[in-house]
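Note that chain A is present in both complexes that follow, paired respectively with chain B and with chain C.
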Partner chain A sequence: MKVRTESGAVAFRNRDLVFYLTMISILWTVLFWLSAVLVPVAAVITQALFQDSQGGWRALLDPTVLSVVRLTLWQVFWSTLWSGTLGLLLGLWIGSFLANLPRSRAHALLVVPFGVPTSVVGIAWVTWLGRTGVFAYWGFHSEWIYSLKAVILAHVFLNVPWVAYLVSQARKDLPHSLLEAAKTLGADRKCQFRYVVWPHVSSVFWGACAQVSSLCTMSFSLVLGLGGGPPVQTLETEIYERLRYGLLDISGALACGVWELALTLVPWVLVLYFYSKHKKFNFNQPHKQVRRLRHHATLWGLGGFFVIPYLVIFNGQTPATLLRVVLDPDSRLQVLMALDVSVRLAVAASLGCVLTVVAALMTLNWLKKCKFKSLESIMNLLLKLPSGVSVLVLGLGVWIAYSRWVDPFEGSFLVVLGLQMTLFFPVAFRLLSPISESHSTLELEGAVLLGASRFQAFWIIEWPRWKGPLFASLAAVAGGGLGEVGAVSLFYSERLISMPLLLSRWMGQYRFAEAQAVGGLLLLLSFALMLIAFELGELGELGRLVPRRQVEVTL
Partner chain B sequence: MKSIVSVQLMPLRVENFEKKMGSITLSAYFTVNVGERAVLLGKSGSGKTTLLRWIAGLDQRDFKGKVFAGDRDLTYLAPEFRNIGFVFQDANLFTSLTVMDNVTFGLRMRGVSRCVREAEGALWLEKVGLKGQSFSPVTQLSGGERQRVAFVRALIWRPQIVLLDEPFSALDPELRAALRRDLVEIHRLWPAPMLLVTHDEKDIEVLATSRLDLQWDPVSDQRKVVRSRARDDCDG
Partner chain C sequence: MIAFACFQLLLCLLRGLDARSWVGELPVEDELVIYTYDQFLAPGALGREIFPLFEKKNHCHIRALASGNGGQILTRLQLDAKRGKSVAQLIVGIDQSSWEIAQPWTESWGRWLPLGYSRLIKEAQVERGFLPFDYGPLSMIADREVLSQMNLKTPSRLSDLLGSEWNRNIILQDPRTSTPGLSFFLYTYFVLGEGTWSFWKQFRNQWLTMAPGWEGAYGLFLKKEAPLVWSYLTSQAYHEEQGEQWRGQNRYQAVLFQEGQPFQLEGVAWVKGAIKTQRHRELAQKFLEFMISLEVQNRIPNKMWMYPVRKDVELPASFRNLPKPAKMISFQSGLTLGRVKRGKEIETALSRWRQVIGQ
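After this line comes the complex of A and B, so read on.
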C-alpha cells in the first residue's frame, strides 16, 4: 500500500528498489547455477551413460580407464594419509598455544601455500628434485622426479599446512576450562585428548581429509608437471589428453569424467556432513592474549617451512633471466600477452564471482524471509556443489552441452571466465555467507529511528561488516584465477594463453630458466593476494562449508 | 576394573598463601573441616577465584603457600592427582558425552567398571531428578539441569575436597533456590570439605556452615581471608 506522506513515499520507493534487486538476484542465481553447473554436469553424465547401445558402460569399464582410476585412488590415498596425519599433529600443537596469541600474521603463512599457483608448485619441485636440481647438486640423487612419489610429495607439502590451519583453528576454539574440568576429574593428557580434544576437532579433521582427497583427485597441472606423463596418469590428465593432447576421444573423456565426478563428489558430501557436525563454542571467558616470542617464532618457522620450497625458483640468475625475457621481443610479447589474459581473467572472475555470490545470498535471504526453509537448505547445498566438481569435468560438460555455440579449439575467454567463476564461487560464498547470516536488523532499525537514511544506515552499520570479507573474497578469487590452469587448458587458443599455461609451455620447451623467472613473478603476485585476503577476512571460513552449530557453554 | 573409589575424608588446610595482585597482596590461612560448607565472600576482582584455582592446582604461577588435605601436601601435585572436585561457574560439561558419561567421568578416569559407575550414576542422577535424561546429550539440558550435572560430576567420585566457583551466578533466583537445596542434598551423600566462592549473601544463609571473608587489613596492607563466623550445625 502506498503511503502518501513524504517519509512514507521514500520508504515505498526503497522497498520497490529492494524488491526489484531481489528478483534480479534470484533470476541471476538460478540462471547461473543451471547454465554453469547443472547443464554441464548433466551433459557429462547423460552422454557418458547413454552414448551408445550398451549405455556407455563399455567405456566406463574399459581396462585403460579402470587402471587410471586405480592409480588416481592410490595417489589420493597416500597424499591424503600423509597430509592428514602430519596436518593433524601440527594443527593440534599449534592450536594448543594459538589461543594465547593475538591474531598472528605468521598464521597466514599456513594459508599462503594453498594459494600458490599449481604450475609454480610444479616448477619449484622440478627445481628441487630434477636430475640437475638442488638435491642433485647437494649430492642426493633420487629418482623421484616424474614419478608418483614426486606428485605425492608436492601434494603433501601443499595440503599439510591447510589441514594444520583448520585443525589449529578448531583446537583454538576449545575452551581451556573444559580441559581444566577434565584435569580436576583426574584425566591425564591421554584421556584429556581422547575425551575432550578429539571429539571437538575430529569432525574438522575428517572434513579436512575429505577436502584434501577431493582436491588431490582434481589436481591437474601438478600431476601434469611432476607425473611425467603416462607412468602417472590420473583421471584429470587422462581427460586432458583425450581432449586436447592426443586423439580427440570424447567418449573416453566422458567415462573418465563420470569416474572423476564420483571420486570428487563423495568426499564433498562427507565434508558437508562432517562440518555440519562441528560445534563451535561461545566463550564466556576471554583468552589470555600473551605475546610469547617462542610461540611467534614457532609459527613463523613452521609457516616458513611450507613456503620456502617454492622460493627455490628465485636464484641469483633470476634478475638476469628476467632482463633477458624483457629484452627478447618474442618472449616479451608472449609474457605481455599472457599477463594481459591472466589479469583480465583474474579481475573479471573476481568481480563476477563476488557479484554472483551477493546475488545468491540475497536469494537465500529472500527464501528465509518467505519461510521456505526446505527450499533454502536445498539451495544452500546446491550452491556449494561446484566445490565437488573438477573444473576439467565442468569444462568437458560445457564442451558437450554448448558445442553448437562454443568451439574449444578457437578458444573462448567467456567460457574460461564462466568456468573460473564457477570454480571459485564456493570460495567467495564461504567467506561471505557468515556475514550475511549474522543480521544486524536491530542496529539498522535503531539507526533509522535516529534519523539516518537507508543508505546512511547501510554505510554506517552494514558496510563495515561487509567490506573486509568482500575485499578478501575479491583478493582470494583473483589470486586463484591468476594461477588457474584447468579451465584455460581446455579452451585456450594461441591468442588466449594465460601465465600458468605459458609456464607449462616453456617447461615443455625446456626453457626452465625463463619459466622459473616468470613463475617467480606469478608466485609473488599470488602471495600478495593471499596475504591481503588473510588480512581482510577470516580465511578459516574457506574450510567451513556450513555454518558451525553454536554450542552455548554459558548458563 | 575397580569398584567404587573409597578415600578417607580429610580437612582442607591452606597455609601462608600469598599472591601479589597488582599493588595488593592477597593472603590466606584457613581450614575447612569435613562436612563443613565454607563460603568465601568477597567483591568482584578481590581474588576469590584465584585462590580457588590455586587450591585446585589449575594456576600455580607466582604463588606462595601450601595446601593440604589432612596431612597430605597437595601443593606441588598436578590437578589430576589432587583428588579435588571442582564446579566451574559455567558448568563446563563435555558436549561430546551424554549426561551419564559426564557424571561418571571421574569414576571412569579412576578405572571403575562401566556397570558399577552407571549404577552409581543412576543413583545420583535420581537424587537430582535427572534419571530420565541419563543418556541424553548435555546440549539438550537447561541451564539449571546442566549445573546439577556439574554438581554430581564433581562429587560422585568421592573427592577429598570440593571447590565451587560461583556456581549459581548465571541463574535466575528461583533456580538458584532449588539448586542450593540440591547442593545441600548432594553434599549429604558425600560430606567432603566444601569451599564455595560467591558474592551473594543468600548463598550464605542457605548453604554456609562457616563464612570466610576477603577483607583488607590496614595494618599489614594486605587483603586477607578472615573466618568471620562459624556454625556448629554442620549437615554432614
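After this line comes the complex of A and C, so read on.
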C-alpha cells in the first residue's frame, strides 16, 4: 500500500513537471514567434504601407526603388537559371551512380560550400577575379570583378552543389526496377527520363530552384563585396545602405523591405508546395557493388571542385601572416575580441535556437495530443516562416518595432543573437521535427509502467534517437552563426565586432594578407562544424529511424 | 512559480550576455562622449594620441564611439534626434558638406569663440558651429607604374574621365557614405551645373568600384586594381615620405584638373541639445580650443596627412613639394540656395544622383 502511494506521488510529480515544462515551452514558443517574427514583420509592413508619412504606397513605386527591384530580379533570375540548370544535370548524373554507394563521405562535400562564410566567399572571389588576382597572374584577364557577373558567378558556385545534392538524393531513391521496367517496355533514354526520372525529381528540383532564388534575393555581403557598389544595388544592400549609411532613410528602407518580403516569401511558399508534392519510396534498394572506386573518386573530384575556390585564401604566406597577427599586440587583441564575440554568438545562438526548437516541438506535440489539428498545421507552417524572411528585413523590423530600447549604433548582442536564432530556427526545426514526429509513445509508457521515471524513460528510449540530430543542429547553427554577416552588420558596435566584420574591416584598411589569414581560420572552423553536423545527422540515429532523404532534403 | 523562476533566470542570463550593450547609458558629469569615424581611432591614428592628452589636462574621460565613416555619423545623429536621446556631445570628423546636412542636429556656439580662432586660415573660419581642425584639396591620385603599363596619360579635366580608355580604370567612393565621395559629387555638381546629370549618366560605367569609404577605395588602388583613385592631394606627400619611387620620380602623383580642386575641411561640431550641464559646456569648449591648439595642429601633417588649419604650423618638406591647384573650389559659394537650405539642396541632389545611377 505504501509502495503504491509513493509511486503514485512520483507519477504525480512527473506529470506535474511535464505539465510545467509543456506550459513553459508553449509560452516561450509563442513569445519567441511573436517578438522575433510577427512583430518585426508586421512593423515593416504596417509602417511601410499605412503609417509612413513620407510615402506609404508611393514609396513602393519610387523609381529608384523600382530600379533596385529590377536589378534584384535580374540577378536572381540569372543566378537561379545557371544554378538550377547545372545543378540538375550534375544531380542527375551523381544520383544515377549514387544508388551503388551505400554512403560516401565525398557526397558531404557537396553540402560543405553552403557552410562557407560569405565574407570568405567574397575574399576568395576577389582573389581569383581581381585585376591582380590569380586568373590575371595566369594570363586570363577578365573584367568580371566588381560587377553583376561576379555576384552571379559566386552565387552559382555556392548553389550548384546544393541543387545537385538535392536532385541526386531524389534520383538515388528512384527504384532501379522502375527504370528496368521502362527499358523492358521499349523506352529509350529520352523516354525514361521524361516518363520515369523527371516526374520523380521535378518537385525536388523546382523546390531547390525556389530555395536558391530566395537565397539569392537575400544575398547581402556578396553583393556588397563583389558588386562594386552603385549601380549594382540589390534590395538587401539598399536596405542596409538606407539604414547604416549616411542620410538615414527609413521610409525608403521600408519600401525595399516590403519588396524584399514579397520576393522571398513567394519562393518560400513554392518550396513548401514542391517538397510536399514529392513522392517518397519507402523500400530499400539493393546496392550494386560495382565500380565503387571510380564513383567515389568522381564524387570527391566534383565535391572538391566546388570547395577548392575558397581554399585560395590559403597561400604560402598564411602561417607567417598568422604568426605576425599573433605577435602584434594590437592585431592579436582585435582577433581575440572578434573571436570572443563570434564564439559567444555561435554558442548562444546554437543553444538558444535548439532549445527554442525543442520548445516548439513540445508545443506541437501538445497540440497534437489535444487534437487541435488545424491549429497544429497553422503553427507548423508559421514556425517555418523565418525561412522566407531575410535577416535584414527582420533587422529592419526590430529597428522599427523596438527602437525605444534598441540603439543600433550602440550595438546589441541580444538583438544579434535574437536575429541569428530566428534565422537558423528553420534549419534546426527541420532537422529535429522528424525525430519528434516519430517518437515512441508506447515504449515510453511501457517504461513508466514498469517503474521508470519520466526522465529515465526519456534517457533510455528517446535520448539515443535525439542526440545525433541535436548535436547536428547545434553544430549546423554554430557554423552558420560564425559566418553570419547580415544581423551583425546591422547591429554591430566597436565592442561587438565579429570575425566576418573584422575581415571586411581589415580588407578596408589594406591589411589583405592578415584578412586572408584570419579568413582561413574562419573557413576551417566553419568547414569543421559543417562536417560534424553532416556526420552526426547522417550517422546518428536519425539516419536509421527516418528515411534519410527526408532529413537531407530539409537540411 | 517554476515558470516565473525560469523566466527570471533567463532574463538574468540574457542581461549577463548583453550587460554592456543596454541603451541609455547617460554621460556622467566628467565624461565627454564623442562620435567619430573608425579611422580616427585606428591604431596609430590621431585620436588615440590626442584623447589621452586632453583627458590628462582636463581631468575628464573621453568616450569615443567609432561610428563607421562620415556618412554613418550623420545617420547616427539623425537617429538620436528622432529618438530624442542624445548620446554624444561632440562629433569629430565631419566635413563642411556633411555639416551642411547635419545642421539641424548641431548646435551653434553663439557669441563664444574658441581661443586661437583668429590664427586659422580664412577658409577655415566657416561658421559658428563648425570648427575645422584640418583641410586638404582633393584630387585624383595616379599610379605612374600602372599608367605606364596600360599606356595611359593622366587626365587633365573632368570630361577626360569619360574617355573609353578610363573605362573601369577609376576607383571612387560612394557619396552617400564617404565624405571624399560626397566632395567628388559636389565638385561635379558645382563645376558642371546642369550638365552634372548627363555627365554621371555617361560616367556610371567608368568606375571599377564605388567603395563605401576612402580606406577601401585606396586599398584597392594600392593593390594596383586601377590606376586612378579619388583621394587627397596630400596622399602624394604620404607616399613621398614612404620613399615610394618609380623610375626616379614619385610613383604616386596627384592629378590636377583645369577646373580646379575641391577642398575638404574636417572639423568638430557640438550635438544639439546634448550639452546640458555647465561642466559639459566647459569641457566641450575646451575640446574645441584643444583641437586648434599647437599641440594638436603640429601632429596633423604626419598623423592625418592633411594641412593644419593654423597658419603658424611648420609643414614637412613633402607637403611643400605638393603641386598647387589652379583654383580651390568651395561648395558653400557654389550652391545656389541660402545657408539654411544648403543641406536640403545636397540631399535633393544626392537623391537625383541615385536615380541617374540606378537607371
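In this section, the second predicted complex is superposed on the first by the 511 of 555 C-alpha atoms of A that agree within 3 Å, B and C clash if a C-alpha of one lies under 4 Å from a C-alpha of the other, contacts with A are read in each partner's own complex, and residues count from 1 in each chain.
In this text, contacts are C-beta pairs under 8 Å (C-beta built on N, C-alpha and C of every residue); 3 or more make two chains touch, one makes a residue touch a chain.
In this text the structure is predicted, and so the values were computed from the model without any measurement.
With both structures placed on the common chain, the touch criterion links A:G304 to neither chain B nor chain C.
Counted by residues of chain A touched, the larger count belongs to C, out of chain B and chain C. Within the superposed three-chain model, A:V196 lies in touch with chain B and out of touch with chain C [touch as defined at top]. In the superposition on chain A, A:P319 makes contact with neither chain B nor chain C. In the superposition on chain A, no contact is made by A:G446 with either chain B or chain C. Look at A:I24: by the touch rule set out above, it reaches chain C but stays clear of chain B.
Overlap of the chain B and chain C interfaces on chain A: none, as no residue is touched by both.
Across the complex, chain C meets chain A through its residues 2-3, 6, 14, 17-18, 20-21, 23, 38, 41-43, 65-68, 70-72, 74-76, 78-79, 82-83, 85, 87, 98, 101, 168, 174, 176-177, 182, 204, 207-213, 215-216, 218-219, 222-226, 347, 350-351, 354-355, 357-359.
Taken together, the chain A residues at the contact with chain B in this complex read 175, 177-178, 180-188, 191, 195-196, 199-200, 279, 284, 551, 553-555. The touching residues of chain B, counted against chain A in their complex, run 56-58, 78-86, 88, 90-97, 105-106, 109-110, 139, 143, 146-147, 153-154, 157, 170-171. Listing the residues of chain A that touch chain C in their complex gives 20, 23-24, 27, 63-64, 67-68, 71, 130-132, 143, 145-146, 228-231, 233, 241, 243-248, 330, 344, 348, 403-414, 417, 493-496, 505, 507-510, 512.
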